[in-house]
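Encoded as structure tokens, here's the structure I'll be asking about.
Chain naming follows the written order as A, B, C and D, and within any one chain the residues start at number 1.
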Amino acid sequence: MKSIGYYPGCALACSGIELDLSIRELSRLAEVELCEVADWNCCGASSAHSTGHDLAVALPYRVLALAEAQGLTEVLAPCASCFSRLKGTLVRLRRNPEMLEKMAGLTGRPCRNSVAVVNVLEYLNRLLKDGLAGKFTAPLKGVKVAAYYGCLLSRGEDIVEGDDAENPTGMEAAIRAAGCEVVPWNFATECCGGAFSLAKPEAVVELSAAILGDAEQAGAQMIVTGCPMCHSNLDMRQRAMSAAGRRTGSMPILYLSELLGLAAGIAPKAIGLDRHFTDAMSVAGRSA
Amino acid sequence: MEKTETITENARTGFEPHIIAFVCNWCTYAGADLAGTSRLQYAPNVRIIKLPCTGRIDPLLVLKAFQGGADAVLVSGCHPGDCHYTSGNYHARRRWSVFGKLLAFAGIDGRRLYFSWVSAAEGQKFADLINSITKEVHAAGPFDRINPARRRA
Amino acid sequence: MARVGVFICHCGENIARTVDVAAAAAAAAKFPGVVYSVDYKYMCSDPGQQLIRKAIADHKLTGAVVAACSPRMHENTFRRAAAAAGMNPYLLEMANVREHCAWVHSDRAAATAKAIDLIRVMVEKVKRNRSLKTITVPVEPTAVVIGGGIAGIQAALDIAAGGKQVVLIEKSPSLGGHMARLSETFPTLDCSQCILTPRMVEAANHPNITLMTSSEVESVGGFVGNFEVTVRRKARYVDPAKCTGCGECWSKCPSKNIPSEFDAGLSRRTAIYRASPQAVPNQPVIDAQHCLMLTKGRCGVCAKVCPRGAINFKDADELVKVKAGAIVLATGFELWDHSAYGEYGAGRIADVIDGFAFERLASASGPTAGEIRRPSDGAEPKTVVFVQCCGSRDEKVGVKYCSKICCMYTAKHAMLYAHKVHGGRAVVFYMDIRSAGKGYDEFVRRAIEKDGAEYIRGRVSKIYRRADGKITVRGTDTLAGMPVTVEADMVVLADAVTPRADAQKLARMLGVAYDADGFFSEAHPKLRPVETAVAGVYLAGACQAPKDIPESVSQASAAAAKVLGLFSKPKLEREPIVSHVNRITCAHCRACINACPYKAIEDFNILDRSGKVLRTVSNVNEGLCQGCGTCVSVCRSKSIDLDGFTDEQVYLQIAALEPVEAGAKTEGSS
Amino acid sequence: MLGENAVNVAQTPTLARSILEATGVDVARCYQCGKCTAGCPMARFMDLMPHQIMRLVQIGNAAAEEKLLACAALWSCAGCLTCTQRCPKDLDPAAVMDVLRQISYDRSKTSPEQKKVLAFHRAFLKTVESDGRMSEFSLVRRYKMASRDFMSDVALAPAMFARGKLKFAAHKSPGRKEVGKIFAACRKRGGA
């Protein structure tokens, strides 16, 4: 049985719980063991990053150090924000060894920076490559999907690798494998307002509404994403958008892992489809 | 490993490589001019001797250069096919292929003899070439096989 | 005993800044054989040359070394000065202490030491130089002009008008280049074809001009005055002698869906085609990639309908050798491919077009007969956004330089659009407006003030096509300090001007230098702007740097003047650097004869009085010898030597470089 | 690398220098094309446009510094990297924003209007410092106390509880004491 290190991160325990559930379900189906990084801590997200250099590195560093000590060579970080913090730190430490020592001193944990960090798209594509698609029993035939990458899964030199930053395609194979149709649209890499969910809801509402609007115009029936921040902004804020007169109607926002889960015939509740603010269960109905 | 030791040793003795470059007038000499007009900085260890064509460069000149205390010799001309004299550099290349043995016989490490093609358009290539050769010879240390009288340091 | 003078130039600060010229002069004075050594601020200036002439006379110099710039720069200057003082010019040599030393080093001590070495080397050489007499060679009074755009046409016409022969080589099937595709030209808005077509015809019919279209240069040999250019004349499958250009063939050709290069893909052409109705020569060619007969072996309709039997499917490329005294490079430019800009739609949006496409839309002879219609649906665009600096001044994805012509042609586009689409809205995003030129800035102001083009200062970040067909352009107004979004019907990108993809291949054939961006390098940026460092090869037009039409034309005429100057003398003086055979020691092994690239060495019989052959030896024909010296290095008995580069000289040059620790010899012998 | 401590108040270097040391970005190379502003999703919520921020760093006098460190724009940057991705001079405006934000925070120049964002970050970090992990509920609680912004989003909360997206129980890591120590250590070095 294959295995990979797992760093759920804070969001996946609460607001991003569907991502956690669906990843775990798919991994079980694909017979990949997720070894959670013991005693992991928060990566600091944009808050540490916005206010303190050392802390912004120290928090992810501790996670990498723990994973290494635990004998892990690869860690999956499904949350796009955690991923970019961990991978960003890893890249930075690789470029700058003094930093590695400094952090060892700061955290009291030595680390050779030997752990690789994997994002949700890389992981799901890997599962598909290893034959997960063969287990798809309930493809969502003909559902039109807009693949939404947002910022953290498209931009950032040597953090997001192997895809075109302006016109990424990393999700398309997976979406087609689920039986859906990928619609071309313009906002695949536009920002949803990210971490401003609490502090600047008005901005989040405006930006997210624009994204939904373009997806709708392009004829998409749902948006698929890999990022919990994007997901909560696009999913939770739709009522606020209508309230602000930005748009009407609601569009389901699914995690790519949820879409694959459905295609694999996993029970909708098991992957958290019932926990959405938009009517995601209706999508479940479509899978044969 | 040995290399690194010599480097440190040379650092102590302040060894500055003496390098002679036989270049053709049409390509490499002009390439060096371009490096100049472009103000590209490179190591001051090389002394250029201009000849009309690499075809003129007789292996004996190279031996003479080593005997005269050169730590390395560079022979550089036009790219194959671009020779100003249509085929001079081909004749040169044919001769050099046999020249290696002669060098070995004379007890000269073939790695101290450099060949390169630098066209009139390749100022940057010339500068990079001189820097890399100087660096390597620095590491390899002084060449005093032929003239033991000249032990430096 | 040699009496050598050494003259060290400061070149203002250029050399003196890094080389201690006084110390160098003092050191040189100690060299064996040096009787006079001096440094001076500008050796090439008149007083500088005066100083050399005086020293030669006063000190009865038998040789002189000028330590200054590259011999490419001023060797002739100084040799003329020497000759004026009655010294044989070939007894003067230059030590290159500027390009090869002062300009490439910063450590003053090291640079000075190197300069002294370089001077010592040349002193050793000059001591053994022989007095030589310049050799004259005949000049082939024919010029090859490569490229049939406006620059090439102008150069060809001017040279032809000077009474000399020209071979004008054009890669495509027709003359005219990019200018033939333009609608109207800034700043006067006169119709491009109206002013160009007559020139094309004149070039084609001129008795002194041989036109070779569908032809490319294969290789170049020889040297100034005597180049040999091998041209590949590509198969056209239509016999120009028979074809009358009646048009039967292309009207009947079944493969009709090939995007027209001339119309920037906005129209379709047949497999047998003319670039345009104004093509010169006005005869079709067959495009072998798309011709059914040539690809699948069936069809042949054109052959059936041709009343003159001009179609020849058996036609093949032929190689033509041209002898020429001079070559003019006029290979022009091409546009940067904006598909590299993913944020601008990666070239996938039909209504986001480049400047040439807009020219064709605006051209009366274009696919829309001069009406502005957008490619996707043929609708008249009510709002058009023009984006300047597309790829220009972008060191990350595009090119770092300014493409120079875009500001002007974009203003022209905005103006033409305003004239053609009344009530239309033209929005121009620019970073800077560079409109230096006669009547240029007035032209741009007119586009803004009279024709109402909205100029917005700022670079565009994203262009995308909405489902409803509108094209959203996200830019910024940096002057107002706010982001700007424009909903457009069509977008025109002013793509960067880049050298032809195959220009560097040609440059290497000729030994011509090109810069980091791939443009051909002139011999001197200010004083020799149309010459290259290779004697007899000249530049015209955008192959040297982005240029507009007036600049290309004036440079072309300048190049023509240079060519005519070269051709004004029947013979050309050549350096008398040739080899000589020592008949006493020559064993006649024929190694040199076999090695000589110029067949310049022949057998020579030494006869006795009775005319009986005593011995046969090798002999060098000075007219043919180019002085490469290959013979010298292959001679087993050391019986052949090269003027100025004798074994003795080179050995002494090497010895002159022996490190002081070892080379007691160098000092000792002084 | 000096830069890792973005700002050393002791001998306050120019902002341009701090940025160069912290990120390797030489702001002097910016030629004000405005592509950063053109692509910035948050630009319409900013008081200073990204290209103006680059310009003010170039000017670098006292007045410019005041304006920069107190501006709201720093706290409106979503860190989406669109500017960095497309900058034709290969500069990194997003990183410049990060450094300026830290300097503004360290020198307590942050404008009062931005207290909400700051409050959010503080609340976030407080939560992580005490629990080792972040849990939305304790975060929201802390944030609302600090920002005095009680009413917004109240509608969301119950629905989130219902969907298990908000939990009363704080989400604590066993090693939270150790994480707390890291915060203290960073604070000592003036990094946080």
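Some points to look at:
By our rule, a residue touches a chain if its C-beta (ideal position, glycine included) is under 8 Å from a C-beta of that chain, and two chains touch if they have at least 3 such contacts.
If you're wondering where the values come from, they're calculated on a predicted model, not measured in any experiment.
The minimum number of touch steps separating subunit A from subunit C is 1. Should one ask which of B-C and C-D has more C-beta pairs in contact, the pair is B-C. Subunit B and subunit C have Cα centroids lying 30 Å from one another.
Put simply, the C-alpha centre of subunit B and that of subunit D have 55 angstrom between them. Between the CA-based centres of subunit C and subunit D the separation comes to 53 Å, rounded to the whole angstrom. Multi-chain contact residues of subunit C (touching two or more other chains): 343. In subunit A, the residues that reach two or more other chains under the touch definition are 165-166.
Annotation, chain-chain contacts: A-C, A-D, B-C, C-D (touch as defined at the top). Residue ranges on subunit C touching subunit D, taken from their complex, read 343, 389, 393-398, 431, 457-462, 474-478, 481-484.
Those residues of subunit A whose C-beta lies close enough to touch subunit C in the complex are 164-167, 186, 214, 217-219. Here subunit A touches subunit D in the complex through residues 10-11, 13-15, 17, 39-42, 44-55, 57-59, 62, 96, 98-99, 102, 106-108, 151, 155-156, 165-166, 189-191, 193-196, 198-201, 203, 207, 232, 236, 239, 274-277, going by the rule given at the top. Residue ranges of subunit C in contact with subunit B, taken from their complex: 70, 72, 96, 98-101, 103-107, 110-111, 113-114, 117-118, 121, 221, 223, 507-509, 511-514, 516, 521, 533-534, 577, 595, 597-598, 626-630, 632-634, 642, 645, 647, 650-651, 653-655, 657-659, 661-663. Subunit C contributes residues 341-343, 346, 464-468, 472 to its touches with subunit A in the complex.
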